[in-house]
Structure formats: C-alpha cells, structure tokens
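The following pair of complexes shares a single chain, subunit A, combined with subunit B in the former and subunit C in the latter.
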Partner chain A sequence: MRPGRAGTGPTGGAAAGHHGAATAVRTVPRAPGAGPPGLDPRTKIVLVVVCSAAVMGSGGLRFVPAVLVLGTALAVWERSWGRAAGLPLAAAAMWLLGWVVPSWWPHPVTAAMAIACAYLIRFAAAIGVGMHLVATTSPTRLAAGLRAWRVPRPVSVTLAVMLRFFPVVAAESASVLDAMRLRGLVGARALIRHPVRSVERFTVPMIAASLRATEDLSASAILRGLGSPRTPTAMDPPRFGPPDLVLAAAVAVLAAGALWLPGPLA
Partner chain B sequence: MIRLDDVGWTYPHAGAPSLHGLDLQVRPGEFVVLCGASGSGKSTALRLMNGLVPHFHEEGTLTGTVTVDGADTRTARLDELGACTGTVMQHPRRQFFADTAPEEIAFAMENLGLPPDGIRARVADTLADLAGAVPIAQSLQRLSGGQQQQVAIAAATAHRPGIVLLDEPSANLSADAVDRLAATLARLKRDGVTVVVAEHRLRYLEDLADRIIVMRDGTVDTEWSAEAFRAVTDTDLAREGLRGHVSTAALSPLPATGASVAAPSPPDRLPAGALELEGIRCRLGGRTVIDLDRVVFPAGGVTAIRGANGAGKSTLARIVTGLQRSAGTVRLDGRPLSRRARQRASAIVMQDVQRQLFTDTVAAEIGLAGTDAPGTTGTTGPADTRAVLEALDLGHLAERHPLSLSGGQQQRLVVAAVRAAGRRVVVFDEPSSGVDRRHLRSVSDQIRRVAAGGAVVLLISHDEDLLALTADQGLTLTPPGATARRPGGGHAGDEVPR
Partner chain C sequence: MPETTPPMTPAGPQARTPFRVHFSARDLVSVAIFAVIYFVVVFAIAMLGVVSPLVMLLTLPLSVLAGGIPYMLFLTRVRHAGMTTLFGVVLGLLNMMVGHPWQAALVMVAVSLAGELVLGAGRYRSGRAAIWACTVFSGWFIGPWVPFFTNRDEYLRSPAMEGMGEGYTRAFEQVVTGPAVLAMIAVALVCGFLGALLGTRLLRRHFRKAGLA
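Then we have the complex of A and B:
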C-alpha cells in the first residue's frame, strides 16, 4: 500500500542523491510513508475532524460527494491505488442500493436499505479521509504535530503509541485467524453453535500475542526517552507549506460546490 | 563502566530467582560476550544493565547493586539509563517505533531533546553508512531480518551512548548477514564503545570479544579470555550447550522449476503421498511474489525452504496450507485439493506459538485437535490424549493452562496438537529462533517425528544448525524476476521486495 517514491533506488544511495542535488548533503531522505509532498500532520487532523463533522451532522449528506472526492484525491496523491479505486466503488454501490434501487422498487426492504445506506455512505466518506491520516502519518510525526499545538504530553504520547499499536494488533489478529482456520475453528457453523467460545478462542491468543509483541516495543521506546520529562524536539519540525495551502483551496472550492450545487444524495 | 555487585533478581510471580550472586565488571571500551543455555540468565543480565530490570517489572525482587556509568540503576530513571546505553533486542522488528529508517534513527535523539540540526546531521551520517546495506526508503517492516538488525543497531547508537547491549543479535540471521553484523560490531569496538552481547552462537565474535562469560543457573560459571576461548574446541562448546561455527548446511536440492527457484531442475518421479504443486503463481501488492512451474514435496521427509526475505517463503507456506489464494493446482496423492481442503489437511507451527493455543488446559488443547482429525467420529478418548502428551513429554502438564508453559513446552504442545489432528502437510516456521544447542536437538526431534509419521514437512528456517540436523533436502527460493543471483544467496540487501 506504500509505494516507494519514484526514482528511489533500492539501495538508498539513490535516495540520498535524489535530494542531495537540490539541497545540502545533510538532507535526510524523506520517508515513503509521508506521501508525496506531505501535508502537515496538523492539517490532516483538522481535515479529518472537519470532514467527519460535516458529513455526520444533520444535512450532512449534502457534503458527502465533496468529502468522497477529497478522500479519493488524497488517495491518488499518496498513490494508494487500491483506496483510490475502492472508495468511489464502495460509494457507488451504496448509492445504487440506497437511492437507485429503492426508487425503482419501493418496498419495506429497500426502504430499510435506503436508511442504512444513507448512514453507511457518510461513514465511508469520513473513513476515506481518515485513512489518509492513518496511512501517511507516522507515530513520531503525529506526536510532533500534537506537540506543536501544545497538546499535553500524556495525550500526544498516548495517541502516538495507539497509532503504533494498531498495526501490531492487526497483524497478530490476522495470524490468530490463520491458525484458527487451519484448526477448523473459523466458520459460520462454529460461530453459531458456540458464539462465546468462538470469540474467546480468538481474543485470548490475540491479546496474549499482542501483549508479548508490544512488550519489546514499549521497553525500547521508554529506554529511548518516550514519555520522559525531557522536552522532545523534532528532526523535521512540522510546518505549514504549499501543499497545505493547495488543500485549503481545494476544500474551499468543494465546500462551496456542496453548498450551492444541487446535491445528488438529497 | 558497568558494575554488578552480588546481584540477585526474581521476576514477579516467579518461584525461583533468575539471577543470584552475580558479580561482573565491564571496563570502558571492553567487548564482553555473555553466553549460556536458555534460562541461564544472560538476557536478564543485559536487562539489569539498561535498567529494564527492575524498572520494567515492578513487583520483582532485586538484591545487590548495579551501577552503569556511575548511576545506580535502582534510582536512575529509565530514560537517563537509555541515554548512556543503546539496546538492541532479540527481535528488532518488534522494537521499531517508526515506519522508516530515518525516523527510527532520529527517535531517541528527538526524545532526548537534541537540536533538530544536530539530529539531521547525525541521521544523514548514519544513513550514509547504512546506504550500502539497507534500502533506506523502504518500510522497516518489509526489510529482511539482517537489514532490520542493521537499522536497529543504527537506531540504538545514533545518540552516541558509551555502552551498547545486544540480545542474541544473530538469532534470526542467515550466515552472510552474521558476517555483516560482525563488521558492524567491530566498528563499534573501534570507536571505543563498550559492547555486551548475549549470544548462543560464538565463533563469529571470536576476534572481537575481550572476554567470554558462560552463565549457568543465574550466575557466572566459567570465564574465558579471548586467547583461552580460541583454544576451546567446538566439542567443548557443545558440552556447555553452546553453538560454535555457523556454516551453511549442505542439503541436496529438491528438483523444482519456475522463476522462483534459485537452481531449477525438473522433478521427474511422483512418490506416493507426495504434495505436488503445479503452475503456482501469486501476485501481492502489484508484484509477483512466487512463481513455481512444478515442484514435488515428498511425504515422510523434511524439506527446507530457504531464501532471503521477500523470496516468497511464507507466501509458499500460505499457499500450500490454503491460507492464500493463487493460480495453479496443489495435489495430494495425485488429487487436486481446493483451498478449503488444503486448510483441512495441513497445519503451520508458527514462530510465535502463543497465537495458536486456544483452550484453557493442555489436555483440552489435544482434545480439541482430536475432534478435528479426519475420519474420526468426533471425540478423542482420554487415553488417546494421554498417549499423545506422554509421547512429547507433556503428560505431567495436562492440567496446566497452555499460556503458562515455557516457550519450548508451548511449541511441543502445538506439535502434539498437529499430530492429534492427523495433518498430512505440516509447515514449521522458524521453530528454533533463539534456541540453544541442547534444545535445538529436541526441536529437530519434534520435526523428524512428524515426518516419520508420514507427513509432508516443510521447514522454513535461517538456522543452518537446525537445517543440517533436520532437513533431507532443500528448496532455495529467489524473488521471481530477479535471476542471475550470486551463488550462495549474496547479501539479503539485494533481495528485498521492491
């Protein structure tokens, strides 16, 4: 999901040279996770909050197409092709099920479907933008952004650790599910016959394995000063730059469009 | 300067102390190797030196005194101890906080509050050193084990600590990655850094170590100077439960064809009960991960699956066991098996076996596996369960909770469950990571027994000692599309996923 930057060689020597020509030798190659010319982490946080509030509020359906366009554009920007295709496809499917089908075939079932889709499409739009934040913001960048806002340290450290913890839990969960599949413990039949036992068989090893995996992580992070009373610095202090300006302009145009153009989901 | 004076340590809720009466001094600039069998306390001794013992285990009992650079570790804060020590844990993959090498290397310096210009300069210097070995723009989780090790060492030393502690740094490395590790350690020593390494494999440290300390039952047992150690033979080491030279195991190649095969040769015969793969192709994330035209894995034998990270070893295991979709056909006894049928016929013994223990007693675990065996009516009698447990020396643990067992016991339990479930295809994924020589033999016996039961056994491992002991033949994979490799695998750095 995270393509390396174009022109970056596998040895990293090319990565250094890539920047080296334009700036001083002392330039650190930028992380691929930061996405092409990266947004300030604070911009991304504001964006997620604003977009979620817009689509989840009353009359939020008006803003859904604009937020979907934004989420898709961000996916294209960071070259996450799967999301760039998946997000509009998911939205289109929900539009078909929630708007087109009920207008052809009015029925209590399609009416229920319409109500469900009216909510789901809002979630899809908000999650689409949220995924850009999660996929392109490393825990250290997020912490640096929050520090620049003078967010109290317990909050910034906790959020950074959570961001780091998600992929660990996801990886451990996938492995436990694999192991359960090979033991014939996954499947609708097992879940229906023994719902509690099935859930227990998943959660106990998942938690045990996640705890073990995160023990090293937290020990190493604390030894390297995470959460210590010292005042941390940032290698690349977050700064608002041209990409943030472009985004602000795009958001203004989309918001204006959402407010004044007729909404297809109204 | 590290000083341990008459140190004893008992982990919380542990019956016996892990360390007792431990006296040890490490002079500035000295290179000390701690070795000994699993459970001898060498990793715990390292944790004393960076303060994780006692700070990270609140209810444990510490006696005696530990001073590091003049600071008493009992009263110093962990970040203060972290500022003068750099720690590389056994699984670097698990200790990374950032996604990429530059951020990971900067992490400690950022938290210590160094000025951004200084951090950038040091990160750039460190990356320049790493550039030949590690693709710097790559996500850390996608690097090979050897590359992750290099980044972890760089990240642990970028803030220029006077002391570097490494816990079994070679445990998950292939032979050529061990050479690179030795070179990195030599550079640290040249720079005057004090180095303490806890290790099972010893010979690669022979020219670096000033002292080698053998630990047994939580205290110092034997101490060798560098000269004395050179006179110690591998046979003597084996008697101490230690591992000497790491050489590449010579295995006869399994005939196989396809772009993923390092040295293709067509398989001719089809022995009874064999697992046959034909036209297996799998693309993940826009990249062909594995491409096998034809390969036949015999039943009753152990086939080693080798190759650098990104060569497709785990993908192959997931395809064989039906966890991963792919093009092509998998046949057992000449009959094609669907993905679901493969899941029912196979098992993986994972590196982290905790992920595959699902019940609350050892006996129940075997009972559950028995209900899953093909051709049974549904239940395994208590007598059967007992027999399976006795065969693997687990009988006395029948009523214990699986998660309360030691790592080795958990692994034996998973193997017992695999046998109770009567699986025909069994994959072992790095079963010996961090295992000393005595236990290596028992891990090898487990694997041989599963094969002797008539199963097709695939063994994924970097551990040349284990492969030499266990495997009958080997299949070396290479990333498809990246042919013309140097023989012997070359550096893992050339073979990462692109």
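Then we have the complex of A and C:
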C-alpha cells in the first residue's frame, strides 16, 4: 500500500502496527499503483454483473467461452500469471470431463458428470471476472466508485471495509490450517470420522484470531473518520478512461462472436 | 445441556430503540468482519470437499453447519434493525464476485429480510429468535442451485444426456423437480438449525470465556 496514492478514505492504508497481522497485511499484493493502469472500479462491477447475468441465465453456455477469454485476458493484463494459466486449464479439464468423455463413453456416471460440469464451468467463467475485481481494486477506490454511484453509505462503507479485512482473515485461517496440518488434523479421514469436531477445531481459533487481528484495524479506521457523517473526498477520483473504452470494445466483439459464431459448448 | 434456552448478553444501555435503522461505525465494521469470516469459513469447508465427490456430499451440509458458528456470534452483536439485512446484502454481493449466480444474491437478501422479521419478533434481544434467524438465513444455500432448476431443460438436453437415451433423461427429469428442491431446502434448514445450536454451544464454551461475545 502506498499511502500517497491511497486517497483520503478511512479504509485506506494498512494499519500501522506492531501487530502480528500487520506482516500478513503488508505482503498482500494489492498496491493501487502496481500493474498497468487499471479500469474504473465501476466498470469492473458492471462487468461482473453483466457476465454473471449472461452466463447464469438461460442459454448461458453460449457465452461461457467469451467470458473465459475475457477473464483470462484480464488476468494477463494485471500480470496474474497463476490465474491466467489456471482459468483456461480448469475450463479445459471441465470441458474434457463434461463434453469429451461422455461423448465416447455413455454411462450414468459420465452423464451426471456432464451435468455437474455444465454447471461448474459457468461458475469458473464468472469467478475469473470476479477475481479481477477483488484482486485489483483497493478499498479506497471501491468506496470512491460506489460513492460516485450514490450507493447508500452503509453498503459502500461495509463493502470497502470487507475488502480491507479479507486478506487479514484469509491469512489467519491459512495459519490455523497450517497449525492443524502440523498436528495431523487435516485430511479426509479426520473430516469423515469427526466432522463436527474438525469444524470446531478450524472455526473457533480462526474466528478468535481474526477478531483480534481486525480489532486494531477497525479502531484505526474509526479514528480516521469511518463513521463520520461527512462525505469524504477522493484524492484519486474515479474516472472512465481509455482502458474502459478498450474493455467496452472487447466486450462488444466477444458478445457478437458469442451470438453469431457456433458455440463449442452448446 | 439446556441448549434451547441460551441467554444472550443482557440488554445494554442503548436498548431503547431496537427498531430504528441507524448504523454506527462500529456496526458497519462488525457486519464487515463477520461477513468476511462467514464467507471464509463456508468457503474453506466447502473447499475441503474438492478432493472427491464422496467427501463433497459430507462437506456441503457441513459448511452449512459451520456457518452457524460465525453467524450466531454475529447475532450477539446485533442490537437493532437493519444489521442482518445489511449482512445479507454485502455477503450476496461478495458471493457474486466469486462466481455465484445473481439469483443467489437475491435469495440471500430475501432470507436475510425473513431473518430480520424473526429477530424483530424477539425485539432483537431473544436468544431463541437468534437461533431461528440463523436457521432461516441458512436457506441461502439453495441460492447457487437456482439456475440449475430454472434452466433444467438446458442441462438435461446436453449431448451427454442424449447419448443416454430418452428414458434415462425422463427419469432424471422426474428426480430433478419439486421434491428435489424441497429436500434441498429441508436439508439446508435442518443443517442451519443444528449449526445454530452448535454456534450457541460454542459461544458459551469458548467465545464468552474469551470476551469475544
């Protein structure tokens, strides 16, 4: 986080602290300046909603390849190589399991698998676009974008705070899982033999640690005016720019292609 | 163990107007923290099932159950109207970011509003109402399956299903209808109720002792 770019929003930079969670916070690669010039946060939100509506609606399989291409391109653009490789691989695996395998081995099991894959591949497509929003939007920019839309303050502030807390809670739960793994408590066997106890062993320390870690953060956010009735101004106000235009053109081309080209999945 | 009568924290000094919708900064932060914790708990436990489909049959109900723990802890901090609805709205939006269908977000808002009514019936102070609100809220787990049921024909007319022949498709079609939906809702609600009881027990056993509830 670079405080200079982060604007004046109350949820901006990391909580300065000697707290254990602060180290986890600092390693999160969500600096607003990192990577290429980003899209406007509002564009990303509209994109996610449009893609979800297209893919999950009736006749959605037609749009799945286009949305997958879009998600992969966005991952490449933000240089998130893991997602850029993982998304097509996951989709290809689902295509193999759900379309290729059942076509030369008709069997009740493969037919059920085909249905599951037809459902999951839509999820994969929607996740690809959604992760771009989550990974590249700083809490401040999200709050500024929602404010520009006149979203009710409770919703916009809560969403921005959630985005801020997410890495903290994820880091805490990862460390609880690590501790469980060290004691040999993770795995399908333990889960099947003592399901409720496994849940308890993971959930209770994870919630306690997360609450403790976020306490400092919320105190600092409130100190910096989180609950104040005044509307904050943004140092880096959201503006639609050339990247948004490029994206709109790309979406138009992909949508046209999805509508007129024969779909490989449908 | 008298699990059905959990005394929630006694009403504080701000107990006068539980029906006024007004969010303090601390309320918003509470909603945000617990929405994230809820999301991570449910997601992590559902992800444990990815190893095999058999384990998945266990982990999906288990994630409903596990969700009861953070939700009951959240409800101890709900002292007035609006917070559970806000919880549903932001969690629905967050779920949409990770690929849940938009219909699921609507379902989540609807069950949150229903939970709000249940809590309101208990004037936001009743532990019993909290258990029922948690049960109602766990109905959102049906949300991700909504497109599957509304576009049923599309799934059943896939090439793989046609390869299986007309009879098989028709049999499948009979299974994936009303009874299946009702059974899924029932399973979600029962698991939600058990999760609420588990959450209440853990509240008493761990969180209250640690000063977190």
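What we mean here is this: the second predicted complex is superposed on the first by the 231 of 266 C-alpha atoms of A that agree within 3 Å, B and C clash if a C-alpha of one lies under 4 Å from a C-alpha of the other, contacts with A are read in each partner's own complex, and residues count from 1 in each chain.
In this text, a residue touches a chain if its C-beta (ideal position, glycine included) is under 8 Å from a C-beta of that chain, and two chains touch if they have at least 3 such contacts.
Values in this document were obtained by computation on a predicted structure and should not be read as measured data.
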| item | value |
| --- | --- |
| First, second, both or neither for A:248, with subunit B first and subunit C second | neither |
| Touching partner for A:175 - first (subunit B), second (subunit C), both, neither | first |
| Contacts of A:151 with subunit B and subunit C, given as first, second, both or neither | neither |
| Which of subunit B and subunit C A:204 touches, first, second, both or neither | both |
| Contacts of A:49 with subunit B and subunit C, given as first, second, both or neither | second |
| First (subunit B), second (subunit C), both or neither touched by A:234 | first |
| Which superposed partner A:138 touches (first subunit B, second subunit C, both, neither) | first |
| First (subunit B), second (subunit C), both or neither touched by A:220 | first |
| Contacts of A:166 with subunit B and subunit C, given as first, second, both or neither | second |
| Doubly contacted residues of subunit A, that is, touched by subunit B and again by subunit C | 204, 206, 208, 214, 221-222, 226, 228 |
| Of all residues in subunit A, those that touch subunit C in their complex | 48-49, 52-53, 56-61, 98-99, 102-103, 106, 108, 110-111, 113-115, 118-119, 122-127, 130-131, 133-134, 154-155, 157-159, 161-162, 165-166, 169-170, 173, 177, 188, 191-192, 195-196, 199-200, 202-204, 206-208, 210-211, 214, 218, 221-222, 226-228 |
| Of subunit C, residues touching subunit A in the complex | 23-26, 28-29, 31-33, 35-37, 40-41, 44-45, 48, 51-52, 55, 58-59, 62, 65-66, 69-70, 73, 82, 86, 89-90, 93-94, 96-103, 147-148, 150-151, 154-156, 158-161, 163-164, 168, 172, 198, 202, 206-207, 210, 212 |
| Touch list for subunit A against partner subunit B, complex | 1-2, 4-5, 8-13, 15-16, 25-33, 138-141, 144, 164, 167, 172, 175-176, 178-185, 201, 204-206, 208-209, 212-214, 216-217, 219-226, 228-237 |
| Residues of subunit B that touch subunit A when the two form their complex | 50-52, 56, 77-79, 81-83, 85, 87, 89-91, 94-103, 106-116, 119-121, 123-124, 127-128, 130-132, 134-139, 141, 155, 159, 285, 318, 321, 323, 343-344, 346-348, 350, 352, 354-359, 368-369, 372, 403, 417, 421, 493-494, 496, 498 |
